[in-house]
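Chain nomenclature is as follows: A, B, C and D, assigned in order of appearance, with residue numbering initiated at 1 for each chain independently.
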Amino acid sequence: MAATTLRQQVYAALPVGEDHRGAAWMAALVIGNVVLATAATLLQSVPELQPHIATNTSIALLLCGSIFFAELLLRFWTAPECDRLWRTFPVLGKCGAYLFSFHGVIDLLACVPLVFVLAGFASTGWLSLFGVIPLFKLSRYVTSLELVGAAIHNERHTLMALVLTLGLLLVVLSTCLFLIEREAQPAQFKSIPHTMWWGIVTLTTVGYGDMSPVTLTGRILGGMTMLIGIGMLAMPTGVIALGFANERRRRELLQNWKIVSGLPLFKGLDANWISEISGLLRSLIVPAHVIVITKGEFSTSLFFIVDGEVEIDLFPAPRRLKSGDFFGEAGLLQNKPRSATVTTVKPTRFLVLGLAEYQSLISRAPDLRQKLEETAAQRTRESR
Amino acid sequence: MAATTLRQQVYAALPVGEDHRGAAWMAALVIGNVVLATAATLLQSVPELQPHIATNTSIALLLCGSIFFAELLLRFWTAPECDRLWRTFPVLGKCGAYLFSFHGVIDLLACVPLVFVLAGFASTGWLSLFGVIPLFKLSRYVTSLELVGAAIHNERHTLMALVLTLGLLLVVLSTCLFLIEREAQPAQFKSIPHTMWWGIVTLTTVGYGDMSPVTLTGRILGGMTMLIGIGMLAMPTGVIALGFANERRRRELLQNWKIVSGLPLFKGLDANWISEISGLLRSLIVPAHVIVITKGEFSTSLFFIVDGEVEIDLFPAPRRLKSGDFFGEAGLLQNKPRSATVTTVKPTRFLVLGLAEYQSLISRAPDLRQKLEETAAQRTRESR
Amino acid sequence: MAATTLRQQVYAALPVGEDHRGAAWMAALVIGNVVLATAATLLQSVPELQPHIATNTSIALLLCGSIFFAELLLRFWTAPECDRLWRTFPVLGKCGAYLFSFHGVIDLLACVPLVFVLAGFASTGWLSLFGVIPLFKLSRYVTSLELVGAAIHNERHTLMALVLTLGLLLVVLSTCLFLIEREAQPAQFKSIPHTMWWGIVTLTTVGYGDMSPVTLTGRILGGMTMLIGIGMLAMPTGVIALGFANERRRRELLQNWKIVSGLPLFKGLDANWISEISGLLRSLIVPAHVIVITKGEFSTSLFFIVDGEVEIDLFPAPRRLKSGDFFGEAGLLQNKPRSATVTTVKPTRFLVLGLAEYQSLISRAPDLRQKLEETAAQRTRESR
Amino acid sequence: MAATTLRQQVYAALPVGEDHRGAAWMAALVIGNVVLATAATLLQSVPELQPHIATNTSIALLLCGSIFFAELLLRFWTAPECDRLWRTFPVLGKCGAYLFSFHGVIDLLACVPLVFVLAGFASTGWLSLFGVIPLFKLSRYVTSLELVGAAIHNERHTLMALVLTLGLLLVVLSTCLFLIEREAQPAQFKSIPHTMWWGIVTLTTVGYGDMSPVTLTGRILGGMTMLIGIGMLAMPTGVIALGFANERRRRELLQNWKIVSGLPLFKGLDANWISEISGLLRSLIVPAHVIVITKGEFSTSLFFIVDGEVEIDLFPAPRRLKSGDFFGEAGLLQNKPRSATVTTVKPTRFLVLGLAEYQSLISRAPDLRQKLEETAAQRTRESR
């Protein structure tokens, strides 16, 4: 029992970016360690510095490697606590699932330099590639990347099609330019594969200038290649912008859904009703320091807070509500006057369920009304 | 009769990307063949490799050419089975229509190297261009390209206008820069056409660096040219992004339309009613493993599945419904309680027709009700 | 009277892109002439060609100039017929307005080479700039440019702000880089103005490579400059894309407005009612060869055709309706069964006014009903 | 009292871009001064010009510095009048808040060259950086920048994630290319940090061409780097475009909110009612010279002017209403016929509150009706 508790405690202390979970000093240790390992690898490659820092680098790699190894062991041990790893492997169970996940592989590869340093090899040459792999550990802490990743994932078919088109155009345009330029510049445009370097440098508008056409026909084809390159640049931009907007809207809808389905008032309703209720909600954005409802009035809306904060001037002390809370259900269900004034503290986004919408909802399903009122009454008895 | 059947079988085996029709090994053969032909052509152009691979290349080209020729013959023979070629030609009928379609021309050109190899010519020089043309055959398998193509097609007038404007600016800016720079760098800025090479390289932000202004006035004009270039780059991006979004929305609307008009329930209704019904449908996105309707309840909506999958817990075995199926029509038409619980298996997108919307629909057209109920009753008798 | 008629005839023959007015051969003459004049100017600047084509060029310029002069005279003479020039000048009236309009100035400048050729000067050097100015005449024929122009015009404040920010960043970043690099490369980074050339080349991602930092600090600042450059490139793209989408939507709204206010049925209604009616219209997109209304049915919608074409199977000959026409008003106003079947010929976009919306419209304004029915009755008496 | 008045007058004369407040000549003086100071600093750095303009530059810097110092003093003195500085500092109060605001720091730094010139030092070398800092003063006058800034601020998490990803890719790709190319070009690809210069130049598609891979593997990796660079370029564009569109819509909503809540008719209503009313308003865009309401008619809408101008043909003189005004409330509240015809003078955007929407509003809250009518009656008594 104690061991389990310890494991849970350790798991809770290991930082993961998603929900800003984990001890702050541990996140600082891991990030600092990644930066140190990368810096050591980069500096090690500078010839002038090598005589001066060779020993320091080895020590740094040894130290970083040890910490990465400790992190790997801890994450491997606490893997069964993680509820994001839903697959279980035949061998090692959830621990195996961790080892074969993206982050598990990265955590493992980050320990490779340690092995070589311990084995007495200098971690130079191709081994130094393992010195920069720990950088991918940082992706644990940058949660906005997930949104970008989802946008790209949604549009992956279109983006793949664009990359294939680019490849097709690259081969065809390079073949044409090779045939045009090979006589004027045989040293530079040696073969079609050589000319493809010109092609990709031009299509992406990088333009190093190490190869460029000099004949009139070649320059006309080169100009067309550039225009096609601009078009190829415009298309993924449009596609990703659209994928981004769609992913945002989808997440917003799912957030509304989660807010409504997470309310005690609507517990136990099936997806169709939750969706109908979500659709009846009105979005309301209010600046800071504005009165939302006034004490004693007969307005009848129920307010869910999506973002921001409000203050209810209750006696003896005002109470603050934040994202996920709601208020005003007495007005909606029992038609009572407002018992307190509510003011926004920050700019706040609400979802509002008006009386008219509520009426139209329960008129379509009389048994829903009973259910809702029972739930509300029970909630009042229980928690307030 | 047997011949027709054989032709149909061959047609069905020939791969076309659109509906992933055709035998997988045949698609692999064609794609592998295209890759082989292109690789042979590219490697043939490398001077160092030519003595070593000359014979192999000829054999490869002979082999690839034969397969392309066989493909051409099969596609030509089975053309009458294809329902996408709606035009018939005076000579050869549908087979002629195939020969003059984009893919027919490509398939024909892909066989050209075979002819030259058989005739004893080396397929080098300009002939090697025919070696990369088979790449266009791949566009048969990349169906996302169609969406990109439609987006560009919708905005073709605006894009043409942008290309014309670019040409206009190119001539005018190059003329100005030529007049400014010809004295400082007479060797490089020889004439207006020569300066236009600088113009296109700068306007597209490629920037090879083989020509660049050195005088103060020339550099100021050069800087303005770059800013104009950025603007010219921004405009097609905006235009294509918008065209893309519009094309997506249009396809989504047409998909809804197709779902509704394809239902037995609404068979025989004219465009106006289909459109009204489409407009009354509510979109509903539900995560995986959520209960959509509960057995015994009195909810009254009809659900069409657009994307995803649901499971109905029927006795003795649960049944799965996928994209294009629908359920819940008994609740809508006969006001019966739900006879089974339905749960999503994957994240699913529904179109939902509520009772209120259905009522408002049939109140506007009493004869529609009778029609719908007759169709539903008949459908119940027939298929369930 | 005859003179006026001649002027009107000439005016009608002069091509203007807007409404594809004018004789096709005249448009071809003007466009060919512009291309010829530009080509002559461009070729004249090539030193190798000058001895060979000097005489031909002079003749070409003389010919083109004469045609441009004739065009100028004709447009000047017919200016009073043009209803797009709404301002009248104190001197010369509408003819003066033409001379001072954008196209008037271009038409005038296009004749300058003619004057110099007649005066015996060679039209080389800076004079050759006048040889490419006729290109701007082409903007008369590219009407999509107007949409692009409107999008840029709507966002001009934001775009100006971006250009100013770019200038500010250019000066500050160039000053910093000059201070960093002047010791390492005194020959290249001579002064702040010289370094600004590096700045603009880098911020716009052109990157000629004639100047680039070599010190570590300089390269770090250079890298930051490039990232800022990418950001500066992203912003106008976003702004223009948004401006484009807004301009499109605005034009679509105005088109709906124009369709509704142009109908005899709604003639004489004020802006508020037109707007209410526009708001009640439902957009309906139908593929080709679909039945929109069926003869003998009791559906009650009024259809306006926005884009596309439909066929009414009237006896003895079917009748085709196009963009701007409408049908089905008998169903809406007199509740009669449909008298004919209507089928789409092309993919067609309709605006549909349903009975429910019409009822809610006239219930709010009883006098509107009377007005509408009077108009409809009168229209039936008059034209059908 | 007089002193306060003087301070207020001075404050009112000091230009701030936000509301185009301040004397025009004062804005011209400040802007001219900034341009002069920057020009002097830029020219001072040109070696050829230094002997000629050394004295003039010192005088110019002395003059500009004095004016900047005077501006600083005036702004410091009048800071208590500014209602945008809401924080008060323990020392100096609002004056301290000004000194530590962005513009305060800029105003202070702009005076640094003056100190050095007075102290007898030449303001060259790193000191010349202070000569271009006054450019940031111009950001006071470019208010569109605020919208751009807000769009970037909204998306800062995503943009930061993109910059981090770019950094990660930069290190990993540069390490790989260094390992590939170091043998072929040891002089150029000296170490990983050196190769990172190639990496950032390629990922941003700048492409100076001072370093580029020559081996086959290096060029393949280089091509992939370019494609990744295009993707990295596409993503911020999409993100910023979306942030821009969202920020625009949010500002439009807040503007509607401000218009409605600022009306005497709706004074004292809480946020929920204001929001409901805002939601009931219909947007109406009308071209110029169109009749909006006709005298004597019984239409019943209330019009708020958002943008543009209308003319009411009152006797004896017509009256013009602009952005923020409203008309037609008699029709809505008292159901009277229109007392005058209203015509648009410019293209105008209205918000319209129809009778039906008003009825549904007051049916939900009977006490609101009484409140509104009392307010309206009082307003009629008071102001008309």
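In the analysis below, contacts are C-beta pairs under 8 Å (C-beta built on N, C-alpha and C of every residue); 3 or more make two chains touch, one makes a residue touch a chain.
Quick caveat, the model's predicted, so the values are computed rather than measured.
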How would you label the chain A and chain B contact, same or different, if same means the shared numbers make up over half of all numbers there? different
Between A-D and B-D, which chain pair is linked by the larger number of C-beta contacts? A-D
Compute the distance, rounded to whole Å, between the mean C-alpha positions of chain B and chain D. 41
Centroid distance [mean C-alpha coordinates] between chain D and chain A, Å: 29
Shared-contact residues (touching 2 or more other chains) in chain C: 193, 205-209, 233, 237-239, 241-242, 245
For the complex, give me every residue of chain D touching chain A. 157-158, 160-162, 164-165, 168, 171-172, 175-176, 178-179, 190-194, 202, 205-209, 212, 216, 219, 222-223, 226-227, 229-231, 233-235, 237-239, 241-242, 245, 250, 253-254, 257, 270-273, 275-276, 279, 360, 364-365, 367
Chain B contact footprint on chain D (complex, rising order): 205-209, 237, 241
Applying the document's contact rule, which stretches of chain D touch chain C when the two form their complex? 38, 41-43, 45-47, 125-126, 128-129, 131-133, 135-136, 138-139, 142, 144-145, 147-148, 151, 163, 166, 193, 197, 200-201, 204-210, 232-233, 236-237, 239-245, 248, 282, 284-287, 290-294, 297-301, 303, 344, 352, 354-356
